[in-house]
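The letters A, B, C and D name the chains in turn, as written, and every chain counts its residues from 1.
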Amino acid sequence: MVILALCGGLSAVGLNNRHKECIYVAFGSAAAFSACGIVVAVEVLSAGPLALSLPLSSDNGQISFGYSIMVDQLSAFFLLVICTLALPVSIYSFGYVKEYEGKYGLGRFGLLYNLFLLSMVLVVTAGNVVAFLIAWELMSLCSYFLVTFENRDTEKASAGMLYLVMTHLGSALIMSALLLIAFQANSFEFSAMKDVGQFMGVDVRNLAFILLLLGFGTKAGIVPLHIWLPKAHPAAPSNISALMSGVMIKTAIYMLIRTYFDFLGINGPEDAWLGLLFLLIASVTALVGVLYALVEKDYKRILAFSSIENIGIVLIAFGSALLFKAYGLNDLAALALIATLLHVFFHSLFKGLLFLGAGAILHATGTRNLERLGGLSRRMKVTSVLFFIGVLSVVAVPPFNGFVSEWLIFQSLLLSFTLNDVLVNLLVATALGMLALTGALAATCFVRFYGMAFLARPRSREAAVAKEVPRSMLLGMAVLAVLCLLTGLLSTNIIQVVDSVTTPFAGTSIAGRLTNGIVLETPVSSFSSMSPVLISLALLIALPLAYLFATRYGGVRAVRIGDTWDCGTPLNERNEYTPTGFAQPLKRVFRGFYRERTRTAVERGADPYLRRLTYETSIPELIDDFLYRPIVKIAVGLARKVGVIQTGSIQAYLAYIFVTLVLLLIIFR
Amino acid sequence: MNDLLLALIQAALILGLAPLVTGIIRKVKALLQSRRGPPVLQPYYDLRKLFRKSSVISSDASWITSVTPFVCMIAMMVAALLVPVFITASFGSLGDLIVVVYLFATARFFMALAALDAGSTFGGMGSSREMMISAIIEPAILLSIFSAALIAGTTDLAGISQVLVLGGTDLLRPTLFLAFAAFFIATLAENARIPFDNPATHLELTMIHEAMLLEYSGKQLALMEMASMTKLMLCITIAWSAFFPFGMATELSPLPVAVGLIAFLVKLLLFALAIALIESSMAKMRLFRLPNLLTGSFILAFLAVMSFYIL
Amino acid sequence: MIELLLVIPVITAALCYLMNRRRAMEIVSTIGAAVLFVGVLLFVAKVLEDGPIYEGALFMDSLSAYVLLIVAFMAFIGAVYSVGYMGHEYQEKQFGLGRLRYYYTFFHIFIFTMMLVCVSNSLGIMWIAIESTTLASAFLVGFYNKDTSLEAAWKYIIICSVGITLALLGIILAYASSVSVVGESSNALDWTTLRSIADSLDKDLLRIAFVLVLVGYGTKVGLVPMHTWLPDAHSQAPTPISALLSGVLLNCAMYGILRFHIISTEALGPGFSGSLLLLFGVISMVVAAAFIIIARDVKRLLAYSSIEHMGIIAIGFGLGGPFGVYGALLHMLNHAMAKSLLFFGAGNVLLKLKTKIMEEVRGLGQHMAATAALLFIGMLALAGSPPFGLFISELSILYAAVTQGQVVVGALYLLVLVVIFAALLWHIGGMVFGTPSERVQPGEVSRLNIWVMIVLATALLVLGLVIPGPLASLLDAAASLFGGMT
Amino acid sequence: MINGLAALVLLGAFAAVSCSRMPALVRTFAFQSIALGALAACVAYFTDSPQIYVVAVLTIGLKGFVIPRMFSQIMNRIKVEKEVDPLLSIPSSLLVSGGLAVLAYYITEPLITHGEPITRNALALSLAVVLIGFFIMISRRKAITQVVGLLIMENGLFMAAISLTYGMPLIVELGIFFDVLVAVLIMGVFAFRINNTFDSLDTSFMRRLRD
């Protein structure tokens, strides 16, 4: 099955160097490929692991640099996540890529798209270090080329460059950590690395933990390694952004689970610091992500920052899983891991939907500036509804899927009160507070996004003339929207499956206790319970009640259409509320964080009473300014210092050799 | 089934009494200000009047405007199912207090969007300010209820009140007081009361909640008002049942239930009195001084959770 | 028999010298290189099957076969690229037919000297051969007769001659220590002899000898701080020669060090020569990284990158062990191909835009799409990104560092690799992306050049994914020559 | 006798350092080469190895006469200034050279102890000559002086080869001679071209290639 899936991708790669038909070939086969992937994933989840090794290998007697593919439950779950998103995205792409026709090579796009899918699938199914590293880097490269696809744009090129450098840095760290593990296991095969952590020296093992955290953290976008993410994700074509934000950054979570729980293992309370570290980093990540999302003007950047926030949320759950596992609370560890995986899955769906929606807006208006939108819900009715479902999911409105995973994460954090360690408790409480704050800020952020983009009147010509996007794009979004709702409602069933994934890592299966028919319960007896199905049922029953009451009581009355209250002056787009204005109160609340810069300039014209006033605000990218730029500056400065040795004088050159020789001779005489 | 029935009865109670509470507050406030004030039942009359009127919708508005009143209303209705009033039982398998808070958030979310929908500057202003307040107040609410939940060992509201009632004064820890204080401030903010917002104002530049409702009229306005009143009622009920549920019935027999009902009414009055007192003695704060108070509430709630672990 | 192989480039050079037409020269040169490549393949097969070949002063074991393979392959690729590159410059009347003849003649003499390095058993002859590579290539470096190319050639010839002289002193000392064991016989300077009596050689003498050889040949390899000639020579030579210098000549010089390294490992234990190589390797990488960051001229950039890669190779051999040696050997081939690919790409740009300054080149993706793509692929390969061959060899070397607990070396190595990746991406990315200046007409300079580059890119890709059986066994055999295998 | 000749070679190196004019430098080099040839002849005589005679003859012939003659011709043809143009003044250069000689003894001290009696000092002396030759290359500006420095280095080398090992295998020896000759020829050609291009043999003009 895997091979079949691989062939799907490869055949597309081979076929699509032709013109217009290549859209159909490329994305058709991508869709077929994803479908195959889903089938494989489901099969593995129900039947059991798959493994095969490819005949390609080079053996140097000591160790084999071969390739093998392994699909166990965890891989299958991520395969499912990837392919479930890839399928609708591929459908969406049929319509979306038309705008590139004639401007940029579509064949190239199709090729990269398929390779990107393939590499992501390979990352989660790779069975040994070399195969993994190659797939991992291939994934980075493909996404890089997709980010810089519109290569005439220097801004995109530099965004891509930053991305590639950061991801390469991450790969280097990952590579060294995996080599440390491989050295202990004396094999490059993942299957041989199981639980090698217990044989490793404490320092080496801790080093490996840290390296993996930093390496995968770079890909996942933890603060302060996230800087590439808000630049690269928006620069990519929207369907790619959806895949990048939706699933690519999740592959880091996959490897974190695999390396931490499978290879290195969490052995006991001495590993609790890891959990705490994760909670800390994750809380900061979530908060920083959402704070920047809140004030951003570029709506694709909003979504990118929101991805950072959600990765933070996922990692909060992951951190508590580590914590519980370290203290031997396997039930709770299982709960937290399930929450991790669920949020990974759900986030991929709604963030995918949102990015596709953003793509639709971009397609219709041609601008990425939120300040220039408005009133789209009347011009793009279907998109506005579908997008709204994504928004409801991301702000965790019950019973949508985002709520379910967030609820589980809250529960797993709350249940940590059973631990008796003040430091742990305090950090968990902090994480709780941050999570709650993050949730509320995210709601604000998306009110702003949706309200400013879809509601009210258009703020520019582009928005005023926007048209609904092609059917295939709508279909792709619709699939995801339906999935967002369905996965929320059917979460009890999904949890059964996810539990089988996490059982080997957490050491216990809790599905029986976690779900009670359609009701979710916490594994600790009667701590709490929640049922998305019942909530929606209750809402559905309440709705006609309210409706009937409202319409019947006091007689049936018609709804009239009138102007907005305008205080007597006709409204135009200049006195509408703007996104910047909307975020202003919160910007003031968090001004210590944003360090906003403002500039006011007054231009005097010929008329002393008519002046032109410009007011500019900008939010500096603190981490860029205070962390990365100095590093680059120092590196370049050092390099220039070293560069002095190349003086151009042959005598100096000879002197170098002379001094070296004399020194060596004196030392080694 | 019993639970469901009890939950329905209590929900009906909450919905039914909600305008009354608002009426009481207004009346007390008037008396404190040496006015006669409208009758206690005035909110009911207002609602009846509004339901008889037709609505006007802005030509710029989208479907969000039409949907929002219903969403707000049903969110409150479902939330009411989860809150115990006089007996420590609710429809627990539907959800817990997190669900309640998120239902509030849902209502607020829709309201804020609806405020933006018409493209009026006032709506945008109200929406923006409301979201600022809620961004800080929602975590405060969550954390303060969490501290009660941690003491009780459950996040189910009925469960919390049950444990607290049965545990008696032993469980009256500083945590609860801190949490209650935080929750009280949050309630004021959440329900647009002074010093956060003036529910009676129509002075354009200071209003928050009212600015969001500016475009609503007739039946829709009635629903929104109804939802707001219910929310206030819910908040009061939660405050009592999560922090000081004493007097609530723990079993379904006439005497405890009667005691529970009376205790509930007394607490309701107390709360209304407190709000009225505050509203008469304080002025509305400047908008940009609000965050100080809001973060104060957040910190209090945070301390409550911390103190659970430390003390 | 080995003489036959050596004769091929000599004959080719002679024929080229006799030719009077451009086309004829090109054909002769290409065919000569091709024949040479095939011949080498045959010999390599023979070595693989029957083990080392001994023929007096000449011999060929798996290590020489491997390096020879690199030489012949790159020579063939270089010869083909020369057709497009030099042909284009000739058409542009940058030089006359005489100069072209001169170019091809010295090209093949240069190849001959490098082959001689690989197949001589006597360390003395090897020295002569290495010195001859300098002499032969000095003319090629100074080919354009401009002030800068003269300067480069002068520095090249002086600095390398000095280095080589020092190496000769080392060889004399080694010979002295050998003579005292086996007596004055004609084979006392043979590598095979030295290796067989390594245990009984005078240790003090040998240590000094290795230091001298390392500094001497290290100059030719381009190890910092003896590297100074390298960027000058590489940037001033005609592009095909730059590629050969970087890809092959440095490897040949490294081969010279390796022969001594093997002996001194046997005689002095793995610690001494290995840690010296390691030291120079690390210094070279770090310093080269600094120059890569500040480079402005693309060919100088590539030259510094060669220093870096020689550093990597030195680190690999210095670390030793199965992974270190295997990785370093593989890296020699990979680097040769990747570097040539990039030089060829830079050459295409130079032909078209007449500039080597990277800031003046923008938006290659628009007007030279194929070159831009290949340049970018080459950059990725060179920076050690999978799925290209250099990734495997660098991974292997890193693993060697891990297995030997050389944490500092490993960390530094990785850090420098990342920095260099960033710098290369910055430089090459800047050339590829962006908007080109208005007056440039779209189009490639020469089809042939592109095809050569495609061949290289494909080979790099293949080597990154799978190492063919024969090559793997050749590598294994070569690696087994090194001591310290576990 | 051998030691004396070896010391003479070292002396030649010192003399070369102290030369302030080009023709003198070239002559000193010729003198040193002849001393080296004599040394080789002595070694050949004492060890009775005929092949070293060949080396001796070649050394005297090539380095004593052919190469110096070539230099004179080049200098005459390009009418170069006769000053040596040292970067370091001659007295301090001499001091440094003395230091280098001491250094050479210091370095080779552990080796000398088990060398053969006749050649005990030869290694130290030859290393000193090599280092001084190297030093000349570093401290002198003119292209030609650099070549001379290189040749002095090579003389030191030969001294080591002859005195330590009584000569390398003949073929290697011949090859090295050939290489040296070719190298000097090529350097001569380049020096000529440099003079044409830069109107000077001063290498400090060649500093255009740098980073």
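Methods note: a residue touches a chain if its C-beta (ideal position, glycine included) is under 8 Å from a C-beta of that chain, and two chains touch if they have at least 3 such contacts.
None of these values were measured; they are calculated from a predicted model.
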Maximum inter-chain contact count - chain pair: A-B
Central chain (by mean CA position): A
Between chain B and chain C, centroid-to-centroid distance (C-alpha), Å: 77
Inter-chain centre distance, chain A versus chain B - centres from mean C-alpha coordinates, in Å: 35
Distance between chain centroids, defined by C-alpha means - chain A, chain D (Å): 69
Gap in Å, rounded to a whole number, between the CA centres of chain D and chain B: 100
Sites on chain A at which at least two other chains make contact: 643, 646, 650, 654, 657, 661, 665, 669
For chain B, residues contacting two or more additional chains: none
Shared-contact residues (touching 2 or more other chains) in chain C: 154-155, 158, 162, 166, 204, 208, 231, 291, 294
Touching pairs among all chains present in the structure: A-B, A-C, A-D, C-D
Touching residues on chain A, where the partner in the complex is chain D: 643, 646-651, 654-655, 657-658, 661-662, 665-666, 669
Touching residues on chain D, where the partner in the complex is chain C: 49, 107-108, 110-111, 114, 126-127, 130, 134, 137, 143, 146-147, 150, 153-154, 156-157, 160-161, 164-166, 168-169, 171-173, 175-176, 178-179, 182-183, 186-187, 190-191, 193-194, 197-198, 203, 206, 208-209, 211
Complex contact set, residues of chain B against chain A: 48, 51-64, 66, 69-70, 73-75, 77-78, 81, 91-96, 98-99, 102-103, 105-106, 108-109, 112-113, 116-125, 127-129, 131-132, 134-139, 142-143, 146, 149-150, 153-156, 159, 214-215, 218-219, 222-223, 287-288, 291, 295, 298, 301-302, 305-306, 308-310
Residue ranges of chain C in contact with chain D within the complex: 57, 122, 124-125, 127-128, 131-132, 134-135, 138-139, 142, 145, 147-148, 150-155, 157-158, 161-162, 165-166, 168-169, 172-173, 175-176, 179, 184, 186, 188-189, 202, 204-205, 208, 231-232, 235-236, 291, 294-296, 300
Chain D to chain A touching residues, read off their complex: 87, 103, 106-111, 131, 134-135, 137-139, 141, 146, 203-204, 206-211
